[in-house]
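Letters are used for the chains, namely A, B, C and D, taken in the order the chains are written, and counting of residues starts over at 1 for each.
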Amino acid sequence: MAAAADEVEQPDSGPRMSGTERLTAFSDGVFAIVITLLVLELRVPEYHEGGLLAALRGENASYLAFVVSFTYVGVIWLNHHALVRLVRATTLALSWINLAILFGAVIIPFPTAVLASALTHGDTDDRRTAVALYALSAALMSAPWLLFFAYLHRHPALLKPEVSREHVRAQRLRPLTGLVLYGLSGLLGWFVDPILGLVGIIVMIVYHAVTSEGLRGGWPRRRPAGHGR
Amino acid sequence: MAAAADEVEQPDSGPRMSGTERLTAFSDGVFAIVITLLVLELRVPEYHEGGLLAALRGENASYLAFVVSFTYVGVIWLNHHALVRLVRATTLALSWINLAILFGAVIIPFPTAVLASALTHGDTDDRRTAVALYALSAALMSAPWLLFFAYLHRHPALLKPEVSREHVRAQRLRPLTGLVLYGLSGLLGWFVDPILGLVGIIVMIVYHAVTSEGLRGGWPRRRPAGHGR
Amino acid sequence: MAAAADEVEQPDSGPRMSGTERLTAFSDGVFAIVITLLVLELRVPEYHEGGLLAALRGENASYLAFVVSFTYVGVIWLNHHALVRLVRATTLALSWINLAILFGAVIIPFPTAVLASALTHGDTDDRRTAVALYALSAALMSAPWLLFFAYLHRHPALLKPEVSREHVRAQRLRPLTGLVLYGLSGLLGWFVDPILGLVGIIVMIVYHAVTSEGLRGGWPRRRPAGHGR
Amino acid sequence: MAAAADEVEQPDSGPRMSGTERLTAFSDGVFAIVITLLVLELRVPEYHEGGLLAALRGENASYLAFVVSFTYVGVIWLNHHALVRLVRATTLALSWINLAILFGAVIIPFPTAVLASALTHGDTDDRRTAVALYALSAALMSAPWLLFFAYLHRHPALLKPEVSREHVRAQRLRPLTGLVLYGLSGLLGWFVDPILGLVGIIVMIVYHAVTSEGLRGGWPRRRPAGHGR
């Protein structure tokens, strides 16, 4: 039973712990919904009889924004996957930090829609605004990941036995990179050129995609002998 | 197999019982969808070329309503998590009470959208209406939680062995507080000032967030020795 | 691992069987989404400043349609729950019959929206149409349930050991009742009075809610002794 | 615990592997959402009092597009089900290939809406465009399936013990057929007649439905004796 599997041994002191099953299922649900809801922003454009093809071609910016955000949510899901694999239990505080991570994922369709709109209908000022909003959302989204690692580092009882605190500490580097470089992309988009900012965002998403298993530094490769099943 | 895990020992009398796995999965699905659908209320505002930034700034009330409702659904999910952890099996009646709890969660996007609309486009009367509707929804949502605890109290066979009936009885206090104080927030918003009512609602959501592990009163801290896995 | 749990012993002949885990998870996902999407039909009505309360009151039919359909999806979920509890494995054909059941659930938001619209903006002819459409959808939805039971009756290898073929045969009565009585409600709504038809629909939903554990006839109450866990 | 179940033995070399549980749950979530979101394209048509029935009848193309796409997503889900049953573990690369498969599923509501619109409001040119877009989406969707099988063929350590590399190689035939024949349907729709192209698409969906358990060629029928549970 899910409920039964949710029980973990309680430490003698410290906050009450519970299993990660529902946290994982809930997070997976949220990521699956966000990545799918993005398609609702792809609307049939208005067209006159015979003009559908031309109208569809006019929506190129929407398709670009869709692909970027689909990839972005995929990246977040994979990173979250690697994150949850570190922990054996959660607490109320960690669940709230996780909700903050989900908050960052849930809002993605909004800056995506703003970006698609600005690229299609806006002028340079509007594109500035849209790129900066997207980058700002992405930069702020990094903050709860930092909190997550910091919390784990202070509560090693929540970690799986094979995960070292050093590994957790090393992982902070990636959201920190995200916070700084998404922020810079936003500034670039706002003060210099929106397209440059957008390129910065896309580069960052690819960076997170490639490293989404976690930076390799302190990760202990598990020995086959240890798992006799 | 999920289906197999769904079987529980049947009592000699009383209603037929079944496992909580699908109830949990279904509820988690509903919460994950509601918390994500909220973003659909964040629409790209209409704007003239060059006016995107100003238009986005005009939607502050929508962002506030979004954050409040996201937190609210998060709170409900965590509370539901703690609720399901008390039970080892469900019955048809308990499943319907759970559906009533989900009903309360599912409607949240509607008062949220009404609130955002009234704060942006309405006058004081409209805000009164919107705050009262939000508070009324929240107050009514507390009712099935009361029923849930009352039903568990009368059917202790559904409880996990380590959960005492006194603990269940003590938990009634929180939905009762919710019923009364959300109701008062609504009255405050309607008769005195909508902003005061809204502050009352936010205070209540924070209260439920902080206590979402259940009030500590009768909770038996589980001893590590009892779980030899 | 989910994949591993998905394996079942294969019979020497007959169609290939597989576990019910993904079928259950997928179905639960669909039901959770449908029941939550219904809220998207509750839109903020258009209103002039100060007219929000009056505008909200004008949407009573939408609220009624929402509550009826929420209950209806809840009923289908509970019935599906009881259905899956009978089987220990599925085949390709049974998976398609299950998809037909899900089809019936997935479309519910559409007749719901039509009903809400007709009750709010339509004349008697429109209400006739809307009630008949809702009843027709519900009647047709009963058909794949009949197929499901018929298929199980012919492939007893898919049943759990403790479930008798007589029990399965007896269960056909309920979708048959649904097919006939939803159909009659539709005819009543179309030829006599839409409100009468709507009452017929609501009565049927309540009937299915009360009997959603399955008709008791042949159900073997499981003995506690048989499950030593 | 889900997290615990997610661990698999690591090979001495090659990419890091992890269990398929979250990949399966996430994919099922996405499929469940896509198949349900399709209903959002069924909108209540605009009508004058008394004209609801006629207005609903004018939406026949929407119903057809809905049924075709519902079946299509069902087919993809069943095929994915059979796909995941081959593997015992995933890697980062395989997870990205899986995300590409999900991308193909997630976009379906868009060509569906375009098709429904063109059949209802467009002229022959618009239908050409819509049918070609649908076929193109379906053809491109076959590509990541090819990649999936190719990757598995090169990394047999990811396969379940009872699955032979020959079986995996044989499975490539189906996405290849899809790539070619959906492509031909698109060309047929674009250069000859949109209705012919649509018929081609429907035939292909039925073909994939019937073969969704995998082509039988190399599949080793599992012997009951091998699974003593």
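Convention: a residue touches a chain if its C-beta (ideal position, glycine included) is under 8 Å from a C-beta of that chain, and two chains touch if they have at least 3 such contacts.
Given the structure is predicted, the values throughout are model-derived calculations rather than measurements.
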Minimum number of chain-to-chain contact steps, chain A to chain D: 1
Taking each chain's C-alpha mean as its centre, the one farthest from chain D: B
Copy-to-copy rotation for chain C and chain D - C-alpha atoms, rounded to a multiple of 5°: 90
Copies chain B and chain C touch via same or different residues, half shared test: different
For chain B paired with chain C, centre-to-centre distance based on mean C-alpha positions, whole Å: 25
Centre-of-Cα separation between chain C and chain A, whole angstrom: 35
Chain A residues counted as touching two or more neighbouring chains: 6, 25, 29, 32-33, 37, 40
Chain C contact footprint on chain D (complex, rising order): 5-6, 8, 19-21, 24-25, 28-29, 31-33, 35-40, 42-44, 47, 49-53, 56, 66, 70, 74, 77-78, 81, 84-85, 87-88, 160, 209, 212-213, 221-224, 227, 229
Chain B residues within the chain C interface of the complex: 1-4, 6-12, 16, 18, 22, 25-26, 29-30, 32-34, 37, 40, 92, 95-96, 99, 102-103, 106-107, 109-110, 113-114, 117-118, 121-123, 125-126, 129-130, 133
